[in-house]
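Pasting in a structure now, in structure tokens, and then I'll have a few things to ask.
Each chain gets a letter, A, B, C and D, in the order it is written, and its residues are counted from 1.
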Amino acid sequence: MEDIQSYPDFRNIEIQRVGIKDLHLPFYILEKEGGSQGVLANINLSVNLSQNFKGTHLSRFVEILNKWRKKCISSLELERILKETKEKLITKEANIYLKFKYFIKKQAPLSKSESILDYDCEFIGFLNKSNYRFVLGVSVPITALCPCSKVISRFGAHNQRGFIHARVEFSKGFLWIEDLVNLLEEQGSSPVYPLLKRADEKHLTERAYQNAKFVEDILRDAILVLRKNKKILWFQIECEDFESIHNHSTFAYQEEYLRRKNNLKKQ
Amino acid sequence: MEDIQSYPDFRNIEIQRVGIKDLHLPFYILEKEGGSQGVLANINLSVNLSQNFKGTHLSRFVEILNKWRKKCISSLELERILKETKEKLITKEANIYLKFKYFIKKQAPLSKSESILDYDCEFIGFLNKSNYRFVLGVSVPITALCPCSKVISRFGAHNQRGFIHARVEFSKGFLWIEDLVNLLEEQGSSPVYPLLKRADEKHLTERAYQNAKFVEDILRDAILVLRKNKKILWFQIECEDFESIHNHSTFAYQEEYLRRKNNLKKQ
Amino acid sequence: MEDIQSYPDFRNIEIQRVGIKDLHLPFYILEKEGGSQGVLANINLSVNLSQNFKGTHLSRFVEILNKWRKKCISSLELERILKETKEKLITKEANIYLKFKYFIKKQAPLSKSESILDYDCEFIGFLNKSNYRFVLGVSVPITALCPCSKVISRFGAHNQRGFIHARVEFSKGFLWIEDLVNLLEEQGSSPVYPLLKRADEKHLTERAYQNAKFVEDILRDAILVLRKNKKILWFQIECEDFESIHNHSTFAYQEEYLRRKNNLKKQ
Amino acid sequence: MEDIQSYPDFRNIEIQRVGIKDLHLPFYILEKEGGSQGVLANINLSVNLSQNFKGTHLSRFVEILNKWRKKCISSLELERILKETKEKLITKEANIYLKFKYFIKKQAPLSKSESILDYDCEFIGFLNKSNYRFVLGVSVPITALCPCSKVISRFGAHNQRGFIHARVEFSKGFLWIEDLVNLLEEQGSSPVYPLLKRADEKHLTERAYQNAKFVEDILRDAILVLRKNKKILWFQIECEDFESIHNHSTFAYQEEYLRRKNNLKKQ
């Protein structure tokens, strides 16, 4: 049967990325407190394509990924997936993006009621000839209470759900999702919880009121804690507040190269 | 050229709805204060299909709709579109759903700063042999401030953006989008605005604090004003709060037949 | 601490549904071939609210659901969740909606290459005083090839990804997700697979070409198999094709009460 | 009334972007064939924030944008909006993103039936001290027919809706949305149309079959035409096919600096 993909191509264009998108597979991820957690990933896997060939063999991407389904994945395993992809497809580069929800146990501040909260996370891996890089992304819901509204009003202050979206690249070693979430969660006016008793609700309402923060404050405080973490080489962070007095959002954004120079390639 | 759609069908199944979905076209809509407003509609148009035929001629739907593009539409024009669709397709029923954003001028409460706010709206039309029915849908953003949080806390109260999604059927005559929005907007703890000066922000923060409402309260108050409106025959309403202390929403839902009995067919 | 929710209410309105929305939790679901599968559910849980009370205690919903996390759920367990919700909230009715992705093993038709395909599924439970009802929903991706395009063209025929979205209510007993998916998947021009070798691609391309079907044909054939299944009391089905020659979709819709009369309440 | 935003800040962090997101406003855009078209934009407007100040005055963004509503906007007007934003907010940089649907008239290839097709477009503007840059983005739906499926199968070939998403930066002068769309639309196996008669459907089915293209082919052909256009300084392009035989997509991506060196800042 003919293999059209392997035909020569005469347009003389090396393609930067060719691959598959929106494939879904289940994996496991190690939890900080021991054990592992099943996650359901939306996957995007791609390679570069030499100017010599007409096409890529995309079924091989699905084949490689299926071997890892229901297995534990972290930065190391993504590197192995990318290596195998590079070898099987005979390319110079391979990239992977995984998006998934990850659950972390939360204890309500006073009642200690336990529940679990879902965080949208990303694992991003880049492999070229000489270099492997890994980026961890998390989206952390928080409460944000407006300092301006608080100061000018006789009582109350508008507040809303916000998100801290962060992507960080770190050096060899490990950064637990739990630790990164924890770091960022503290930078809102207050964390959010799935399960709160009345005593907890009082506590959090008062905490947020005493800890009023603009989206700019949340971003700056998050930048300070990220800069302090010696493992982090690069970060990109966006804070977003779903304003309760508007039908639009406010946001603040920052990208910093702390301990590395080269650019992170865009998806 | 063969017309496969007109072939006889022997499965003996009359299909309730066949049509097109997610077609986009621009129309105009009359504004209450005079003039008209260009809107961009996502359209869903369908008919029933007799058991005698294999298929529907879907290009005719697009043809009919294109004749109305950039024209003014309201309940009356939708009825004409449905009539033409029924005739051209030789069917007993035709249904249309239009979703679009509609802008309404807003004046900030104290500074009187003017801006416009977008509301997601729907026009829904049902035409069968003897009867035409029209439903208007609006989604109204509001601020909702939690009465529980207010009472138990020494200061502050969690609040958040919420939405009142309502669909109403009314008798012959007219109900302005502006009037329905107005009616519902007043039922939140406070309305939202795109443009607010500091004096306005103070005013709204205090208003929301003094007007604490659960999602249940907002629903009940909205039901009361809808029941009072003599034109309204049927309504469906859902209030939803994007809780600022949680990562999930709360909601309350009601459907009432005020002055009619028969069921509204589901999309 | 005051319990505002339990305050009396004087508006004299019984609310049909009050609850939480978009809460995420992991559960397990029994697989037909034995064992179970971890799923990640988006949950909507609600009750009616008596006219006597101002509010509902929404934290109890989260508490009840958290007891079931990481446990096996099916129709029976949902009934127990609803019973407990009714008791704890002292209401007459409780309703639950779960949406989740469920994976089923697929073997490519000729190469027998194995992979898993994700299906969007729903579990819906309704409990009132005397009656419990359970609805299973599945969304099945398929290939649809246009009979008109095939007959009028000298070669080729436009085809596209389509979906069969079905919700079925069945009598006491069990209907495996796998069985419902299987039943519907056969009604497209061809099924879809995550992993296909060249021989499979040839097989499926030819199969689809020889099995040309309008969205109306797919709907009718699906209706025939659903009607034949003795367990099914009610169904709602929508077929949708993402037309490859248009930027809009075509769809066909049917709802049938096979062995029961009463209405399914809308969400 | 206190102006908290103007308070000094001691964290010594200049913020790269602070602004508003998901604000909706109507504008007009000049059409190539004369006249103008009303569009509905989703807007994101931001500035940098000096390390000296605690916050930004976000209401001014809304104020500035509201002055332009229902007016004609193009690259020039965006530059004026950014200049005013920079001046009013006393910052060094300002950025704007507008997303909107834009309609272009289409004539069916044989019947000449006329209809209009919607394209998702973007206007992106960057202004710093010395430099203004403008980027135009378009998403063009096409039909893509698989060369492998065609060659290996005795009849038929799988095909699907695909999209060419392109962002281009061009030098002083003008590039009509219509011209960029036209350029790219020709690179699929065939264009798509809202309204097709049977003769057109035959024509397009056969054209796509005779013009089989992988996602890699579509990307390379699009790159060739973009490179040839002397006005284009930089482009980013992604082709995506919603595979009709899979439940995932394939994609190919390229970014090229043709006549400029500096990086496009990420959103």
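Assume contacts are C-beta pairs under 8 Å (C-beta built on N, C-alpha and C of every residue); 3 or more make two chains touch, one makes a residue touch a chain.
Because the structure is a prediction, the values reported are computed rather than measured.
Distance between Cα centroids is largest for the pairing of chain B with A. Annotation: B-C is the more contact-rich of the chain pairs A-C and B-C, by number of C-beta pairs in contact. One finds 25 Å separating the Cα centroids of chain B and chain C. Centres computed as Cα averages put chain A at a distance of 29 Å from chain C.
Residues of chain D in contact with at least two other chains: 1, 23-24, 62, 118, 148, 152, 194, 196, 198, 202, 248.
Interchain contacts join each chain to each other chain, per the touch definition above. Of all residues in chain B, only 1-2, 4-5, 9, 11, 13, 15-24, 44, 46, 49, 54-56, 58, 62, 147-148, 151-152, 214-217, 219-221, 223-224, 236, 240, 248-255, 263, 266-267 touch chain C in the complex they form. The touching residues of chain D, counted against chain C in their complex, run 117-118, 141, 143-145, 148-150, 152-161, 190, 192-194, 196, 198, 201-202, 204-206, 208-209, 242-248.
Chain C contributes residues 1, 3, 23-26, 37-40, 59, 62-63, 66, 69, 101, 103, 113-116, 118, 194-199, 202 to its touches with chain A in the complex.
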